[in-house]
Amino acid sequence: MNFASDNTAGVAPQVLEALVAANAGHAPSYGADPLTLAVRDRIREIFEAPSAAVYLVGTGTAANALACGLLTEPWGTVFCHRNAHIEEDECGAPEFYTGGAKLTLVEGDHGRIDPAALERAILHTGRGGVHNVQRGMVSLTNVTEAGTVYTPEALRELSGIAHSWGLPVHLDGARFANALATLGCTPAEASWKAGADVLCLGGTKNGCMGVEAVVIFDPDRGWEFELMRKRGGHLFSKHRFLAAQMLVWLAGDLWLDLARHANAMAARLSAGIAAVPGASLVHPTEANAVFAALPRAAHQRLQDAGAQYHLWPGDQSMKGPAEEPLAARLVCSWATTEAEIDTFLGHLQG
Amino acid sequence: MNFASDNTAGVAPQVLEALVAANAGHAPSYGADPLTLAVRDRIREIFEAPSAAVYLVGTGTAANALACGLLTEPWGTVFCHRNAHIEEDECGAPEFYTGGAKLTLVEGDHGRIDPAALERAILHTGRGGVHNVQRGMVSLTNVTEAGTVYTPEALRELSGIAHSWGLPVHLDGARFANALATLGCTPAEASWKAGADVLCLGGTKNGCMGVEAVVIFDPDRGWEFELMRKRGGHLFSKHRFLAAQMLVWLAGDLWLDLARHANAMAARLSAGIAAVPGASLVHPTEANAVFAALPRAAHQRLQDAGAQYHLWPGDQSMKGPAEEPLAARLVCSWATTEAEIDTFLGHLQG
Amino acid sequence: MNFASDNTAGVAPQVLEALVAANAGHAPSYGADPLTLAVRDRIREIFEAPSAAVYLVGTGTAANALACGLLTEPWGTVFCHRNAHIEEDECGAPEFYTGGAKLTLVEGDHGRIDPAALERAILHTGRGGVHNVQRGMVSLTNVTEAGTVYTPEALRELSGIAHSWGLPVHLDGARFANALATLGCTPAEASWKAGADVLCLGGTKNGCMGVEAVVIFDPDRGWEFELMRKRGGHLFSKHRFLAAQMLVWLAGDLWLDLARHANAMAARLSAGIAAVPGASLVHPTEANAVFAALPRAAHQRLQDAGAQYHLWPGDQSMKGPAEEPLAARLVCSWATTEAEIDTFLGHLQG
Amino acid sequence: MNFASDNTAGVAPQVLEALVAANAGHAPSYGADPLTLAVRDRIREIFEAPSAAVYLVGTGTAANALACGLLTEPWGTVFCHRNAHIEEDECGAPEFYTGGAKLTLVEGDHGRIDPAALERAILHTGRGGVHNVQRGMVSLTNVTEAGTVYTPEALRELSGIAHSWGLPVHLDGARFANALATLGCTPAEASWKAGADVLCLGGTKNGCMGVEAVVIFDPDRGWEFELMRKRGGHLFSKHRFLAAQMLVWLAGDLWLDLARHANAMAARLSAGIAAVPGASLVHPTEANAVFAALPRAAHQRLQDAGAQYHLWPGDQSMKGPAEEPLAARLVCSWATTEAEIDTFLGHLQG
């Protein structure tokens, strides 16, 4: 019963096999190997973006922070959701890689930026000329940090606002595959056709070992990104082992199959929770994460039974009335089983 | 009728005379001159802080940003009011000098931080261990950006919260003299006795040409500050001319006299506005700035008559219904005259 | 015939097996897994440093740059060899992670810092008080970038100079195992007993896939390092896969066996080259890299035959007299075979 | 007898009068005042650069560091003379404002960069692609730190090398007026016609109180500079007082007259020293600074007599044989008198 994160799961067997296969013989280092070129080409194909610049890094924080560093000046601000990963979970990495840009937090229900709030925030930022930080970029996340999914239309609306101000759009796609599995649209429709200028495509949370692709739809920015990546210590020497993971993951439908499984497990878990008296959903379950409010007593039972998950936000206390609900985040992955879920629900019902 | 800012005024005559007097002969550069030592000693005396480290810089932004750089690590966050000068008017200078720290915006009426909101913000920041930015420091401003004044008791409450979490307190005193003029307490009571670890004591807005003192009550941090100041390009070679300004300003009661005058002018302006039908105060007038909502038609009359001031916030538009009120900031200085105010009020009444 | 780098080789079979084994089931992310704890304990044991702080990252540049960020202030300077990896091959990563520290280049033959030159450089740096950058730290490299090896005595002499000035010592050990294989001393004798305050222990070049350990002998600096690592995007979520590599590598003598093999191959290659008329060694061969000057005609023959290696430095030109020697770097790895070397030597002889 | 620096002198009387005159009434702050516009226009006129962007700051370090920040990316390197002010006397300010760029030190006699050494350094920097820092910019200084003066031809040769590599050229002109006074050419001939893309035109050392102009000959970079200046805390609110200094200084020939005087004094001092047995010049005296080697005994006599100057470099010791020469820097200013020099020479002769 491990719902702590999709990154507590291991690596999908196909990915592991690909790593073993990639080990034969020597290969040029630092990304000049054939597998890296093949990943780049495969991503260009899948995304219908024949000239996109594609780079691999090892962590999602690196991908996001480097993308921000590419898209805004140090005196710019990044408009993002109040609960965006870049705001809450990266220890200031975007500030570091941008040279000290600000993050302007925008409100919106269920992890999705409210378009009117975005418009207001952008308008407000420019009021003071040289005295203010400048409008820098907009960062969106799909799947959101609340486990919800933006439709392409919703992304286009927000990107449209950004672009109307001349601001580039970063799309944090740490769970992009899960969003696609929900939406059923094409990768292009959920990224550049919806206004994303740079997509961080996450492999790690969805069956890979540690690889994220940064897809820059304007390839003229590629060289600058390469320098930033190297300077950040994120250019891997034995680069084929990043590439091998992502290549097999994207070669066929593996990435989507793994995501569909995770989403299906979350749907099962969500439906089960919703049916339990005293339990309720905090956000609609639209991908692979369930946000639910459970009575403190239920949490105690689940934790006693060994269930792994996080109270969310993390500053809630287990001390207090037994019937009072505390919110939790329950994340399913490619490795989650129906049995785990049913066991969890059993303990929840008490 | 210039109420645009207290920095549109010139230099008090006594300060100018001191600059002329300071020009005689050679003097050691970079702060080794006798005037700089005398300023340091005078500040120590006034503040009853015999070992404080004291440094001069040329702008308030430099003073504040360097103080933040001294007090927080790059991975820390600065808890400050949503409308603090360091957030709204310094183009990211605190982010620059801290190496990319975050500013966590705290709410509170009339420019004053609400203690409960500060406590919540500090608590919330620590929820995620290494994944979050860390609690860094608290920044207070007195006079606030809304023209209100914290009492020593109010400062102590906020500083007490900060210190209970081990966080140092920065006090932006760009208008510290104006606050003192209102409070009537001692400089020590409004600074270190109220919990400030570093005070930025502003001279520029109150009759000097361009000088701010950074008073570091823990002198062990002095050398680090000196290096940061030099590295920021803020160590003036002909340093005696910074010192001369501040020395005469602080030598007797000049600083307080100038501030009392500015505050008195603001009180006169505020009372006059409050008596005009259709006009109202946005914030209580407690120092040298008046925040008032005036009908658009009144703004038009005043602007036609040559009155200088800023709509506040700056993203309001002069286009719209004539009777609709727009908020404005009207700042009085040591140089403001009763005649200016009365002329202004005459045009306001229409 | 791939001598381009020790990072063009694949992963040692034992390491690959360990990765497969580590994949079973769920594991806590971000380094809270049992394998990470086991690596930490094993490193403490091997290094006779029971309280050392140990952290894993994915690249050598990350390890070095983070270590520099830990050991010097932004206004400090890093004393290092003119040809150190941190100077020549990291695209300014140390400058990035230190917040803009300087690197002061120190001379010395065959990649080793000359003690007298280090003393002079340190002395000179402090001449100007606040106007200069300050003395920050000393960075040593073993195996050096010239393929030579410092003895513990030589390290102690340089570290002694650093410590006499109060400067901490960073040891870039990207090829630390190769140095140990040459020296035959204990890990402690080649690190903290020789004055290293932080060791970057490289796994990648010597049979791992992508893992480096940063060993901080003063554990009080650990938390700061953790924040810097996260903020740099170098905290891996599926952390067990970093740990698994290094654990098997260090569990017995694997790391030393792999290094001994690489060194032996280099010795064979070096001896072969030295016996060829017109060829000569540029640096003594003391570990796994051979630096040799070969006639341009020999380079042409070798390249035609498919030999992979770099001219060193890289700004030499293949255009020019056939008999003129050009310097090259030839690196052996755990995967280098005697057959490769003998084929290379055959082509060299022409 | 104060030869410690040209910044130990006071302010020229005309400059002080201009400050007093500028104090009348209110003025728009932050550089929107008429004096600032007038300075801009006057600099455009003097430099025959009708569209140049012109900004004022308070210190030379700020001017230089901001210029570097404008001209190179963080992953670039600044090619400069080994003894350039940006390398030796700014505590890493260029590194700070560039976000961590490197300074690559180039050799050359008497403070002047050797063209062949510059060419080699630039060539060498690009050898390693993404692994190296990139070629960023070239920084020249006139008057050099050795008190020598580049001719326009010499500047053109170095700028030509820079531009052939696509690198912009920064000209540190802290003593630009002194260089002009020596050269007798036009300001344009010594700046943009000689290849400078950005000139830092120093007023402080030559009779002003604290003002330097940054002249950006490509005005498209102006807005970026404004943001960097504000973010660095270098945008003065009472900006008219910066402008007033420089306006009077440049209005007629004051700047050149002051510089001619300083240079003439240095020539007198230099000739006097050269005539003393046991004393010798270290660099040719071409502007307002004399670099001379004097016996330790002579230093003792001079210091006993109260002469102010610096041993140069500063890490020489007064302990040692009396007849051994130690090098010193002796700087003349607009305020130096013949009597001071003759007194100095009298003590020198013993």
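Chains here go by letter, A, B, C and D, matching the order in which they are written, and residues are numbered from 1 within each.
Convention: contacts are C-beta pairs under 8 Å (C-beta built on N, C-alpha and C of every residue); 3 or more make two chains touch, one makes a residue touch a chain.
All values derive from a computational prediction rather than experimental measurement.
J.: Under the document's definition of touching, what chains do subunit A and subunit B have as common neighbours?
T.: Common contact partners of subunit A and subunit B, which must touch each of the two, are C, D.
J.: With chain centres defined as mean CA positions, report which chain is farthest from subunit B.
T.: The chain farthest from subunit B, judged by C-alpha centres, is C.
J.: Across the interfaces B-C and C-D, which one involves more C-beta pairs in contact?
T.: More C-beta contacts join the chains of C-D.
J.: Centroid of subunit B to centroid of subunit C, CA atoms only: how many Å?
T.: Here subunit B and subunit C have centroids separated by 51 Å.
J.: Suppose each chain is reduced to the average of its Cα coordinates; what separation in Å results between subunit A and subunit C?
T.: That gives a centre separation of 34 Å.
J.: So the centre of each chain is just the mean of its C-alpha atoms; given that, what is the distance between subunit C and subunit D in Å?
T.: That gives a centre separation of 41 Å.
J.: Provide the list of subunit C residues touching at least two other chains, using ranges where the numbers run on.
T.: Answer for subunit C, listing residues that touch two or more other chains: 74-75, 90-92, 96, 99, 130-131, 134, 227, 230-231, 235.
J.: For a test of understanding, state which residues of subunit A touch subunit D in their complex under the given definition.
T.: 30, 73-75, 99, 130-131, 134, 224, 226-228, 230-231, 235
J.: Within their complex, state which residues of subunit A touch subunit C.
T.: Contact set of subunit A toward subunit C: 2, 4-5, 7-11, 16, 19-20, 22-29, 57-63, 65-66, 90-93, 96-97, 204-205, 209-210, 227, 230-238, 241, 308, 335.
J.: Contact residues on subunit B for subunit A in the complex?
T.: Listed in rising order, the residues of subunit B that touch subunit A are 74-75, 88-92, 95-96, 98-103, 123-124, 126-128, 130-134, 313-315.
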